Amino acid sequence: MPEARKAILGQIRSAIGRDALADAAAAALDARRPTHTRIAFEDALVERFIARFTSRSGTVERVASLLDVPAAVEAYRQQHGLPARAAIARPLAGLPWPADFAHHPGPAGKDEVLSVTACLAAIAEMGSLMLASGPDSPTTLNFVPDHHLIVLHETQIVRHFEDAWAILRACPGGMPRATNIVSGPSRTGDIELTIQLGAHGPRSVHVILVR
Amino acid sequence: MKVSSPQFKEKSVIALADPRLRQALGQSRKGFVNKRAELVGELPEFEQLRDEARDLKNHVLDNLDHYLERYEAAVTAAGGHVHWARDAEEARSIILNICQRVNAKTITKGKSMVSEEIGLNEALEAKGYTVVETDLGEYIIQLAHEPPSHIIAPAIHKTKEQVSELFETAHGGPRKSTVADLVTEARLVLRDKYFQADVGITGGNFLVAETGSSIIVTNEGNGDLTQTLAKVHIVTSGIERIVPTLEDVALFLRILARSATGQETETYTTLSTGPRRPDDVDGPEEYHVVLVDNGRSKMLGGKFQDMLRCIRCGACMNHCPVYGAIGGHAYGWVYPGPMGAVLTPLFVGLDATYDLPNACTLNGRCESVCPVRIPLPELLRELRHMQYQQGIRPPGEQRALGAWRFVAERPRLYQFANRLAARVLKGLGGRTGRIGSLPFASAWTDSRDMPAPEGKTFLELWQAKPR
Amino acid sequence: MPPSPRVGLFATCLMNLFRPNIGFATVKLLEEAGCMVEVPLAQTCCGQPGYNNGDFDAARALARQLIAVFEGFDYVVGPSGSCMATLRVDYPKLFENDADWLPRAEALAAKSWELLSFLTDVRGMSAVQADYAGTVTYHDSCSGLRSLGIQQQPRLLLASVGGLELTEMRDAEVCCGFGGTFCVKYPEISSRMADEKCANIDAAGVDTLLGGDLGCLLHMAGRLKRQGSTVKVFHTAEVLAGMATGEGIGGVPE
C-alpha cells in the first residue's frame, strides 16, 4: 500500500518537524557503529561458556578431536536409549559413523529424535551458540528433534555478541536467512511459572566441545 | 479487540475475589521480581545499560523515518516484502490478502502483542481459517477464549488445575495433573500443526535496519517452528521496534530477558532475514513484514513519545502492586499494567478508559525497573491532566477538587476548616482514638478504621505554645 | 551555610490535622540539629492532590502561594517524603514554561528537604538521643524512596535509638495502597494492597510499625486496627525525638 507508506512516513516527519534527511545526514547515520557497554568478565572464554550454558540445563562434553565425535554421539544415543538414526549436518557426514547408524543431512521430519550439527560460533558472555541456516545447517535440525547435539571447537568461542556479529557479517552470502542463537534446551514457565524443559524445541541440547 | 476498560472497577472487584487468581499472581510476583533482582544485582553494568538503551531508543525515534526506509530496503534486498499499515484494519486486510493468495487453511502463530492489538485472530477465524496459537500460554488462553492477562506470560492467571481442565476438554482424556505432562501433551498436539501450517505469523521484538532482519526472543522454540515450517512467514510489528544495527541488538539482549523474566537470556534469539534461499532445504518460501502504525506515529513528538521506547518486557506489570492485586484482565484491552494504562487510552481513546490512568498510586516502582526508563507515573499523571481538561471525570470528583482548591487558596479559611474537622473527628473517634464508620467517608471506613485527630491542629497548638 | 540556619517548617496537611505530635517531634529534631525553626501561619497545602488528579492549574496556584510563604527561609523542611517531593521535584516541572516562576520554583526546590534526609545529608546528623523499647519494622514510603532516595537515612538514625530493634519486613519498599485519593477511589484494590503489607508486617513479628509519611501510616494503621492487630504505628520522627509515647496512630487496641 504505497499510500499507507507515504502517509506514515509523512506523519513521522511532521511529528519530528523536518523533511527526509539530506544525503549527508543519512550517510552519517548509516555509518554509525555504536560501542555500547559490554558485560565485563575475567574468566577464560571456554570456562565462561561452559558455566553459563550449563546454568540453563545445557550439557557439555569435551573431546580431544573431531574424530572422537561419532563415539561421543553413539554413547549419548545409547545412554538415552535412542534409535540408531539421526539427521546429521553435511559438514559432519564424512566422519567415521558406525555402520548401522542411519543418517541424512536434513531437513528434520516430524518424528526426528536426534540431530547433530556444527555451529558458526559460540558466545561466552551468556553461554550461547550461534547457528546459521544454509544447506549445511538446515534450521529444522535445531528445533524439531528432541535431542540436538552441537559440535563446537574451542577456537569458535568468542567473547561478546559484538564479536559474533563480525563472524555473521563475514558470511559469504551475506546475512544468513535464519540465525539461531541457542542458549540451552527449549523451556517454558507458562504454567504457574514452573520451568519445564522441552516445550516445543529440543528437550536436550548437548555440546560436544572439541579441543 | 473489544474494549472492556469501562468495566474496570467491576472487573477488578471480581478479580480480587478470585482465590485462584490471587494464588497465581502471588507466585508470579515472587518468581519474576526476585529473579530479576538477583540478576540485576550481579551485573554492575546494568544501570549504565539502561541509560544507553533509553538513549538509543530516543535516537531511533528522532530518525524513525530514515531507519524504517533503510530497514525496508534491506528486507527487500533479502527477497522479503514490507507492507505498511496505517491502522488495525489495514494490517488485517494485508494479512488476509496474503492468506487468501496462497490458499491457506491452517495458520500457526507465535506470540505477538501487535496481532492482539489489531484483532487478527478474530478476523482470520471469521474468514474460515484455522488459527493455532503455539506459545503455550497463548495456546491455553486460546482454548479458554480469553485475552492475555500479561504481555509475556499470557496465561499467568491460570492455575495448573485450570489448564488441566482446558486440555481435557480440548484434547480428550486422560486428564494430566503434572506440569510436565501438560507441557508434553501440548507439545505433541502442536507439533502436527507446525507441519500442517500454510502460514506462520510471528511478532518481532526488534527489526534491524542494517540487515533487514526481524528478531524474536523466546524460550519455547514455538516461534522458530512457526516461522521455519510454514510455507509463508508473516511478521507483524509496530513501527517503533526498529533498531539501527546488530550492535544495538546486543545492547537490548543484555537487558531484555533480565528485565522480563529474570533470566540472563532467553533460550532462543533468532534473526530472520528474507525467505528460503535457492539452496536451502527448509525455511519459508515467502517472507513478509507488516509494519503497523495504528496510532504510534501520532505519539511521536508529543508528551507521550517516551512510551514509544517500550520494548514490551513486562517488568512494569511484574512490579506493579495494583497489577499484582487484580491481574491483567480488568484493564480491558490488550496491554495491561502500567504500560497498558498509558497505551490503552492513547490507542482506544480517553473516554472509555477513565480508570486506567487513575487506578495507580503513582508509587513509581514501574519506572524504577523499566529497562528504557519510561517515566510511567509522569505519563499517567499527564493522562489525568488531559482527562481533567476534557471534563472526563465523575462530576462529584471534579466538584470536590474545586472545593479543595477554593479552601486551600485561603489560608485563614483553610486553618479554620482544619480546626473544625479536628474537633468533629476527635468527637467521632471517642475513647478508642479511631473511627470505624463515617458515612461521607465510607470509601475509607468500609475496609479501614480512620485514626482520629487529637482535637487541635498543629498550627493551633504551635501558636498557643509559650516560647 | 549559616551555622544556625533558619528553617521554615512545612506543616503537612495530614500532620496538621491528624497528628500534631509529629510536627513537634520535627521541631525538636531540627533544633537538636542546630536549626532555628519557624512555622509560617499562612501556609496551606502544597498542591499535590491537584497535581496528581490532573488539575495542574490548582497545583500551580497553591505552589505559588507556598513559594511566596517559604522562599525567604534558608531551608523548607517537612516530615513527609511525599509532600517534600512535590516541592523538590514537581514544582520545577509545573513551572517549566513560566519564565517568572520557574527560577523561584527551582530556588525553593533546591532548599526543600524531607526531614530525615535533611538531618543526615544536610546537617550531618548520624545519631539521636532517644530510647524506644520495642521491636520495629520500617515501611519505605514510595515518594520518599523513589523521588528523593530516602532509604538509608531513617535506618541510620533509628540504629542509634536505645533499646530499639529493627527487623526488615519482606517487600518493605512495595506500596501500601494509600496513594492519596487512590485509596478512596479504588478502596477494594487499596485494601488488598494494605492486606499484603499487613501480612508482611505481621510476618516480621514486631510490635511497632514506622514510616516517614503520615498518609501511608494512617492507611496501614487503619487496616491493622480493623484487623484487630496490636502493632503500634508511629512516624519515624516521633521515635527519633523520643516522643513516641501512648498508643500511637490509630489509638488503643481492641
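Letters are used for the chains, namely A, B and C, taken in the order the chains are written, and counting of residues starts over at 1 for each.
The rule is simple: contacts are C-beta pairs under 8 Å (C-beta built on N, C-alpha and C of every residue); 3 or more make two chains touch, one makes a residue touch a chain.
On a predicted model such as this, the values are computed, not experimentally measured, just so you know.
Relative to chain B, the chain whose mean Cα position lies farthest away is C. Once CA atoms are averaged chain by chain and compared with the all-protein CA average, the nearest chain turns out to be B.
Centre-to-centre separation between chain B and chain C, using Cα means, comes to 32 Å. Chain A and chain B have Cα centroids lying 29 Å from one another.
Between chain A and chain C the centroid-to-centroid distance comes to 53 Å (mean Cα coordinates, whole Å). The touching residues of chain A, when paired with chain B in their complex, are 1, 4-5, 7-9, 11-13, 15-17, 20-21, 26, 29-30, 32-40, 52, 55-56, 105-108, 110, 126, 128, 133-135, 138-140, 142-144, 160-162, 165, 168-169, 173-194, 196, 198-202. Those residues of chain B whose C-beta lies close enough to touch chain A in the complex are 24, 27-28, 31-32, 43-45, 48-49, 52, 56, 62-70, 78, 83-86, 90, 94, 134-137, 140, 153-156, 158-160, 163, 179-180, 182-184, 186-187, 190-192, 195, 211-213, 219-222, 224-225, 228-229, 239, 244-251, 253-254, 261, 263-277, 279-283, 291, 293, 297-298, 300-302. Across the complex, chain B is touched by residues 11, 13, 15-24, 39, 41-45, 47, 49-56, 58, 61-62, 65, 142-143, 146-147, 173-175, 177-180, 182-194, 196, 218-219, 221-223, 225-226, 247, 249-252 of chain C.
By the touch rule above, chain B contacts chain C in their complex via residues 9, 12-13, 16, 321-322, 324-326, 355, 358-365, 367-368, 381, 383-389, 393, 397, 401, 404-405, 408-411, 414-415, 418, 421-422, 429, 431-434, 436, 441, 443-444, 446-454, 456-459, 461-463.
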